[in-house]
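Naming follows writing order (A, B and C), and every chain is counted from residue 1.
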Amino acid sequence: MRTGHFKESYGELVALTDSSVTRAWVGLLVVALLLLPLVAGNYGLSLATAAMITVVGAVGLNLLTGMTGLISVGQSGFLAIGAYTNALLLADYKWPLLASLPASGIVAGVLSLLVGVPSLRLKGLYLAITTLAFAFIVNHVILYAEGLTHGPNGVFLPNASLLGIDVSRDRPLYFLVLAVTILVVLAVLNIKRTRIGRAFLAIRDHDIAARVMGVDLVRYKLLAFVISSFLVGIAGALLSLQIRFVNVDVFGLILSIEALAVIILGGLGSTAGAILGAVFLSMLPELIRIAFSTFGSTQSVTYTTYVYEIRGIAYGVVIVVFLRFKPDGLIGLWRDVRRYWTNWPLAY
Amino acid sequence: MDFLLLLISAGLVSGAAYGMIAMGFALIYKATGVVNFAQGELVMLTAYVAFSIAGAVDLGFWSLLAVTVPIAMAIGLTLERIFIRPMLGEPAFAIVMVTIGLAVILRGVTIMIWGPDPLDFAAGLSREVITLGPIPFYPAQLYAIGCLAILVGLAYGFLRYTRVGIAMRAVAANETAALLMGVSVKRIHAVAWSLSSAIAAVAGILFAANFKLGPDMWFQGLRSFPALILGGLDSLIGAAIGGLIIGVVETLAQGYLGQGLREIAGFVVIVVILMVRPYGLFGARDIERV
Amino acid sequence: MRKIAAAGFAACLFAGPVLAADPGVTDTEIKIGDVNILTGPASFIGRAVSIGSKIAAAEINAAGGINGRKIVIATEDDGYVPSRSFQALKKLVESDGIFALSGTSGSANILAMLPLIEENKLPTVVTTTPNELVYTPVRPSVFTIGATYQDSFYAQVKYIHENVRQQNAVYGVIRQDDEFGAAVEGGYDKAVKEFKLKDGLRLRFKRGQTNFSAEVLQLRAAGVNALVNGGIIAGAANILSEARKLNMDLAVASVWSEDMPPSVKLSQPAGYPYILADYVALNDAATDTYVEKAKKYLSADEVGGINRYSYLSYVGLKVMAKAMEACGKELTRACTVSELRKIKNFDTSGLTAPISFDNEQQLSGRELKIYQLDPKAGTFKALVDFKRY
């Protein structure tokens, strides 16, 4: 009789999951997401789409910050690059969406080398500062390279279609974003199962040991940064499809901070955590709104006057509180709860 | 020639602000090994505090400073106690993230208390133009340069001759060894935060006197990163000199090349420094290449 | 069980659109949307806009509403971030079910909302950002009140050329590097070409920049003595303060936001009697009557927040109400839009020039009034009355 949870081969160790329960739940979730358009109105769908775009970006950042342990404060720059690439290719160069979407990620990935090469050679927090600098430089280039980017006027996206379906409508866009999100999540989960993913984790946990084990630090750090920027670029492209207008103002620095809040809240290093965090924080403004409206009118005056500040503070508090009390985030909380009940009544 | 001199003087004035802000960064980095992303917010918060004090009582510049600095130090101590102390022993990565969170919180709180409109803040200084040779200055601009010089002197004396200062250098050099020699690392961290807030207050008041007081002042913290990197992250005096250099470089870039280059010149400098001399001009050379 | 519930739900879904006419209209109410900058550094604009809409709605409702229906305003904040404006309008359209849109936030923000506005054929009156990109190409349901920044600066440079600096004038412009700045330079450019003025220097700066020492030195080196100051609020004040330090003799043209008390307070110490051209009245009988009226409906705090944006949103909603009233009981979006198109010489009791939308661009109120600041008193005097440039 099995008395515990054993892995009996290497294959099982790296399998995505060996639990049929998990498989069932994930399957159920996918089915629920596929059926969502039947029940949710357009606003609900648009919120869900925005949340999934955040998921793509967060999973990308998580690969860098959570898995490899490198901080980037300039993801808004790569988001802008992705969005602009997609918008310009669709609007000015009449590329099909099928080509412009991956191109957005590739451009972001290639440009990330500009920052990555000088700063990832060094140990420490240099990446945080250079990515910040990069975000400013991107903003500047977009505004001044008018011939390419339309400068300050921004770009309106034409009604893009994919395989003959107009994806500017809420439903097709929802399905497109859902498909991309599933692909991205699967890709990242699979990277984690390979040598590359294990190298990332090793760099985060102990870079010297990783080096001794034969991990080329510069190469793998750079790889993490490029993959991460690629995914954030894709998120940017999806964002541009949803808003249908891009302009430098869309990509404020606060987005980078929000992204960090998302992955800390979800649980650094965990893909499921990043998803959970993204969904939770996307819904947070709605939650705050509901919280304030239940407290009567005087508070809601404070709320409407300072909604942005309150939201900012909420992000900050989330970052601080989770780092202090629950560094493994919501997903860690969930694990604790599960362990408690699995071992009940002998939980410790 | 006149144009060049004027540009350099203008560069020194903005550089003095960068220098002071970067010194605050460097002090915390030296003592705790963490880049405090909330430094710009500290500068803004303390400037607003000074504004409220100046609104309540009519004070000259030095007395305003004398009242604001202790309050700023108390704020620094409190923030350290609530946000940073509990993270002691966590990886630097986590502490940096906490300062990012703290930055966002301080930003929101400042706007909620003082509102979003920019304010005019004379900081007890007159607006009569003073002319030195061919170059005109506002008093607040000269005070900025003067205060930077004073702060550099104080920092040098503090780190070299006082017990706490020497202890701080010991902590910076080797935290464990310092701990074993009986230095209270916690106390040193607290001292670093409070002194850094004091520097932030001086920087904030003078920045606001020169360029108005507004809720986007925190941004000057980010603008000061180039100075910090150029100076070498853990060198206070390097940060001050780095600030002046960056100020002059930015102003000259704008004056001779234009195209809004001022706003990104510093950031281009960052990338270049990291490529050729990552420890900056004065930083400790323990930067590891990987 | 679940099947039945699902079927019921589906039935509701399909039944919905058949019953409803245009959303936002019931027997007793008309819901008007307002997306605005209520938070962040530019929130004084959004707050003023909301106050203006509130006064207009209160006044209309006190007079019995529009054919018996009361106006209800649903406001959403966007914090001046275009992607949030999009989400906010999405919420107003899909979840609150607004009938029309009256507040439209900043320039980039309205641009981000345009695709949604067009898609839903929302009757929209834009008053705060009469940017050329909003009405070229013309969107059928979008109506714009106001002069562009181009017009405003063209008018001011013309005034300076004709009245202030008749001789030896060297002109210069300093402006933001975004679409607003481009419009400022557009007006400058037009005037410089038309009057064959000496074009000394053109400079751009980044939004939020505070330090203008190098730029002002460049202006001085170019010998500029008539400046188009495209800075706003603290930026404009810092430019003037640097110029004062260098003791420059300048005639200054300014952005219309510089007529608001916080801006004036920041700019006063530099002591330049700058001029500005605005498409709303600033301080005369019209605005006095307006403030008196406002006191009936608002708290003292809110009355203090009134500025040019409040006059504009008030006018905007009044025009929209007039069109909706003309539709009678059968109020639809299509009807409102066609009635808006018929608006001719709508009297705004002096707050702006009369409004007429019967033109190709569906654009009105382009007449500008030129004012000059008295830097000691902090008040404005009118130099030239409303005139089309």
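Heads up, the rule we're going with is that a contact is a pair of C-beta atoms (placed from the backbone, for glycine too) under 8 Å apart; a residue touches a chain by one contact, two chains touch by 3 or more.
Quick caveat: nothing in here was measured; it's all calculated off a predicted structure.
Seen from the C-alpha centroid of chain B, the farthest chain centroid is that of C. Summarising the inter-chain contacts, the pair of chains with the most C-beta pairs in contact is A-B. Chain centres here are Cα means. That of chain A falls 33 Å from that of chain B. In this assembly, the C-alpha centroid of chain B lies 38 Å from the C-alpha centroid of chain C. Between the Cα centres of chain A and chain C there is a gap of 36 Å. Residue positions of chain A touching 2 or more other chains, listed in rising order: 140, 143-144, 306, 308-309.
Counting partner chains per residue, chain B shows two or more touched chains at residues 111, 259-260, 263. Residues of chain C in contact with two or more other chains: 39-40, 43, 177, 206.
Residues of chain A touching chain B in their complex: 69, 71, 73, 115, 118-126, 128-130, 132-134, 136-137, 140, 143-144, 207, 211, 217-218, 221, 257, 260-261, 264, 306, 308-310, 312-313, 315-320, 323-324, 327. By the touch criterion given at the top, residues 38-39, 41-44, 46-47, 50, 140, 143-144, 151-154, 156, 168, 239, 242-245, 247-250, 252, 304-309 of chain A touch chain C in their complex. Interface residues of chain B, counted against chain C in their complex, comprise 3, 6-7, 10-11, 13-14, 111, 116-120, 122, 127, 129, 136-138, 211-212, 214-216, 219-220, 250-252, 254-255, 258-260, 262-263. Chain C contributes residues 39-44, 177, 203-206, 208-211, 213-215, 217-218, 221, 233-234, 237-238, 241, 244-247, 262, 265-266, 268-269 to its touches with chain B in the complex.
Contacts from chain C toward chain A in the complex involve residues 9-10, 13, 38-40, 43, 75, 77, 79-83, 86-87, 90-91, 93-95, 108, 111-112, 114-115, 133, 177-182, 206.
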